[in-house]
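As written, the chain order gives the labels A, B, C, D and E, with residue 1 at the start of each chain.
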Amino acid sequence: MLDSFYTAFIEEQRYLLYLDGLKMTILVSVIAIIIGVVLGTLLALMRLTAEQKGKSTLLSKIAYVYIDIIRGTPTLTQLMIMYFVILKGQSGLLVGSLTFGLNSAAYVAEIIRAGIQAVDQGQMEGGRSLGLSYVQTMKDIILPQAIKNILPALGNEFIVLVKETSILGYVAIVDLTKVSDFVISRIFEALAPLLGTALIYYVIVKFLTLGLNALERRLRQSDRR
Amino acid sequence: AESKVPDKLIVGTNAEFPPFEYMNDKKQPEGFDIAMIKEIGKRMGKKVEIKNMEFKSLIGAMESDSINAIIAGMTKTEKREKAVDFSDSYYTTNQAIILKKDSKITKLAQLDGKKIGVQEGTTGDLISSGDKFGDGKKAKVLVKGAKVKRFKKGVDAVMDLKNGSVDAVVIDELTANEFVKKNAKKLKIVIDSAGSEYYCIALTKGNTAYKEEVNKQIKAIKEDGTYDKLKAKYIDSKN
Amino acid sequence: MIDVKNLHKYFGSLEVLKGIDCHIDKGECVCVIGPSGSGKSTFLRCLNLLETPTKGDIVIDDMHLTEKNFDVDAMRKRVGMVFQHFNLFPHLTILENVTLAPIRHKMMTEEQAKEKAMELLNRVGVGDKADNYPAQLSGGQKQRVAIARSLALSPEVMLFDEPTSALDPEMVGEVLEVMKQLAKEGMTMVVVTHEMGFAREVANRVFFMDGGGILEEGTPEQIFDHPQEERTKTFLSKVL
Amino acid sequence: MLDSFYTAFIEEQRYLLYLDGLKMTILVSVIAIIIGVVLGTLLALMRLTAEQKGKSTLLSKIAYVYIDIIRGTPTLTQLMIMYFVILKGQSGLLVGSLTFGLNSAAYVAEIIRAGIQAVDQGQMEGGRSLGLSYVQTMKDIILPQAIKNILPALGNEFIVLVKETSILGYVAIVDLTKVSDFVISRIFEALAPLLGTALIYYVIVKFLTLGLNALERRLRQSDRR
Amino acid sequence: MIDVKNLHKYFGSLEVLKGIDCHIDKGECVCVIGPSGSGKSTFLRCLNLLETPTKGDIVIDDMHLTEKNFDVDAMRKRVGMVFQHFNLFPHLTILENVTLAPIRHKMMTEEQAKEKAMELLNRVGVGDKADNYPAQLSGGQKQRVAIARSLALSPEVMLFDEPTSALDPEMVGEVLEVMKQLAKEGMTMVVVTHEMGFAREVANRVFFMDGGGILEEGTPEQIFDHPQEERTKTFLSKVL
């Protein structure tokens, strides 16, 4: 077994390959998370215009259809369409980040929407009754509180995202999983690269979780008595 | 498509098929095929750009003009010819049957109705699935009524064979050799010449000028001994 | 100061306010009492447009609240509101709670806002809590901060919706004391309350609401000691 | 375009293949959902023993480690290990259902745990103060209420599960995506099979969503005033 | 009936009950008053082990609550509790709320349980709501159902934790009325309350708690009209 691990990771400096794959996995994940959060927040606010008006609006409908379609179809299909149809010939990093960013935005939107709606109704009234506008209240009062409740679900989504980037290899983007595929095809042995790669993902996810937990603790400061 | 040699060879490959193509330790595609196409490009006076992707995506990429050549140990078949043009053959290979040591199977025809593991979309897949195999009119069905399990990777099919979930794996001879070397106690190889096939370079459909130019260079490479040097360097050294 | 004419409010098909007419003068303190569900909160919330009236007119000073394109946010700087559940912002310190609106409205610099906030917090007796978060305060302290927060915009009218009913009995007194002080200083106030003692002592007038209308109104003496309507009498017998 | 669709779905009776793949996708999903919910509930209750005792217990630790590892590693890796190592030689249906069932259980557990914890603390006290045991109270009072709040998140998880079964093809299990892969490798055309398959997934997910929404409405009956 | 000796309760390192001794006779109605945070709820909750005492003994009738392996669930059938926030089960109808425990305990058949439940619901005046869900009831009705639900197990002692403080003022009366009736019929009751009028009228004894102990106890007259301790006096001056 140890032998297999040597072959899979050390021999011929294969760890350099893994490092490169890891870089791609992390880069795509980070950019996708950023796109997802920004666009997701926007989509959430678009959907909430319906709550505010008491009936569905054009914006809320657009957001609804977008979320419905993205969540309703496999990411792999979205990736392929992006690679072969929409962004053909573009760099893997661009294709990957954009696909996963646009995909994640749909899930993030629903999480943020739920988080905003979970903030006590009275907070909006509190803000508005002081003459603050809807946007000001959202920005200064609702969102800062929502983020606390949102964070665990958002963390889940980030974790799923990181792991799901393992399908990037389908369109020839060399991420961590793709590297492990290469190595398997070189050394004609699957178990060691599989387990090793699983471990690396586990470590990434663990880091992410710890980071998010720390952030959550900081945000919960004002709850202390 | 217009009949014109492109300014640059944009070559699709799937670098998971050693020794024909694989990622070297500098993370660049390397191998016999890669060396061939680079040599062809050099002789044509064109730049060569290699794009690495899934095998099954290659023809789609050609159709969407993302690439204008494929060199990926790809066999010329009737069906593929509907979508792309093929150069003259630059390499002949055999399909090998990998079996457990105690198996009594000796040729492809005996796989009728058996469970066969293959790598998705490869020649082994086509033969095992009962598709017609061979060039033009000589094409015929080699294996009938087999239950085919299609894996993303050859190594997985072999693992399945070792686990006893399939009766045989049909795969390229060179790859088969590697697998059997690793598992010499359990596995053996049978070669059936009925499964011989011809690797060709796939080129943009309908571009005859381009195809003729490539064929000319293949011929030249074979004639002046460069071909044998490449073969010795990449293929024979591995076996 | 406040003029309400034929105010109606529907929630869907449910008519909650069934035509309210009243006039409140500058400097008056009006207490609104009545059974649960009678529309007290809805009436109060219409006065600063937290609920949009379905029909009727509301005029406060020079502002016609029910006109089209009325500037709601500007009005709310002049009409403060205190809620039953305080609605303090839990992620901000007490001081930040009070200074947020004046700063956002650019009514003063951050320095001035802080100064004024401290002055108000001291006035309601919670100056020492300025750097704490709401979760660290008792209910009575929270409500006093909420009042200070409203006052920071120097409103001309203050609306209170059961400001003491979420409080422990011990803390009711301290909040009523602050309100009493406000009334004495001449603030125009409309107070929905169940504290009959407070109403009796501080109110200029008392409105008794029932079934979406003002059933009876008058001075505290008139309402509490000589109620005219049968409903008022039953209600008071249960509550006093 | 219509031509491509004809080649991808009608020619050579390819729709029969798709039907077969669809059957596998649905069977695996349904069995996995059942396993996931049952095992997930169990894991959630195991984790909650820690809340009850005020400190972590053996059961809560076991559940924690299980959830941590399953959520921390890619499902694909789990599938491969299950297929090649643990259940070698077993039927694809068994391997698929079990892998996705065990995988989903980890996510379901966290959802159910959050749902249980969201039920007002007073409900447990209400039940216990009437002399009902912990288990009785959980079963008769807490879980029936939790299920209402859990359902949306659970629905999300089911949807993700259905779509994630698209990796079954990696171990030669013929699900919907595998069929589409197969067809692509035969007709050398990706767009039509991709779009067609995406549509089928979309329809499955839509059915699931509608069913869950209907269930949620029924459960919310007692909220009506 | 109830014997408490040297009862201590810590939450972590915070000592919330600092040695409570008291005796309550069968048929007595004891009201517990005191400022917020003084440990009233904690004391009451120790009496049916919703909180586990850290030190000390509690004996109710023949049951030694603080012994090892004590059967908590059996005790709770004999010691009923009513909470401030009712804690009705929102997914069950009123009738099911009341019958659930007797049926689960196999104390009676479903038929008998329903019959007894209807009798109790009628007694507290909400018989007509039997098939409604809790969300459809007013606060006062909910609390009366909660009392009926406790009574369905025929307990020997009833504990009440501020049963009226989450209610609209109008509804307080109807709940106190039901409790008064219970006391008259000889139920042993311990009631944490802020309703001084009720305590004065119904209680046999009043405990004034402060800082985790019973600071003063006596008849309502002694406590309300002639309090001995300074703390008691300040507290009463704020609340009365």
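Here, a residue touches a chain if its C-beta (ideal position, glycine included) is under 8 Å from a C-beta of that chain, and two chains touch if they have at least 3 such contacts.
The UniProt protein names, listed by chain, are A, D = Amino acid ABC transporter permease; C, E = Amino acid ABC transporter ATP-binding protein.
What you see is a predicted model; the values in this text were computed from it and never measured.
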{"item": "Each chain counted as touching chain B and chain C at once", "value": "A"}
{"item": "Between the pairs B-D and A-C, the one where more C-beta pairs touch", "value": "A-C"}
{"item": "Chain whose Cα centroid lies at the greatest distance from that of chain E", "value": "B"}
{"item": "For chain A paired with chain E, centre-to-centre distance based on mean C-alpha positions, whole Å", "value": "51"}
{"item": "Interchain centroid distance [CA atoms averaged], chain B/chain D, Å", "value": "39"}
{"item": "Distance between chain centroids, defined by C-alpha means - chain A, chain C (Å)", "value": "45"}
{"item": "Computed distance of Cα centres, chain B from chain A, in Å", "value": "37"}
{"item": "Shared interface positions of chain C, touching two or more other chains", "value": "none"}
{"item": "Shared interface positions of chain A, touching two or more other chains", "value": "84-85, 190"}
{"item": "Per-residue overlap in chain B, given as positions that touch at least 2 other chains", "value": "57, 60, 156, 159"}
{"item": "Those chain pairs that satisfy the touch definition", "value": "A-B, A-C, A-D, B-D, C-E, D-E"}
{"item": "Chain B-facing residues of chain D, complex", "value": "80, 84, 88-89, 169-172, 174, 178, 181-182, 184-190"}
{"item": "Interface residues, chain A side, partner chain D - complex", "value": "69, 71-77, 80-81, 84-85, 110, 156, 159-160, 163, 166-167, 177, 190-191, 194-195, 197-198, 201-202, 205-206"}
{"item": "Chain B - residues contacting chain A, complex", "value": "15-18, 22-23, 25, 27, 51-54, 57, 60-61, 64, 66, 153-156, 158-159, 178-179, 182"}
{"item": "Residues of chain B that touch chain D when the two form their complex", "value": "56-57, 59-60, 63, 79-80, 82-83, 117, 120-121, 125, 131, 149-152, 156-157, 159-160, 163-165"}
{"item": "Interfacial residue positions of chain C with respect to chain A in the complex", "value": "48, 50, 73-77, 80-81, 83, 85, 87-92, 100-101, 104-105, 133-136, 149-150, 153"}
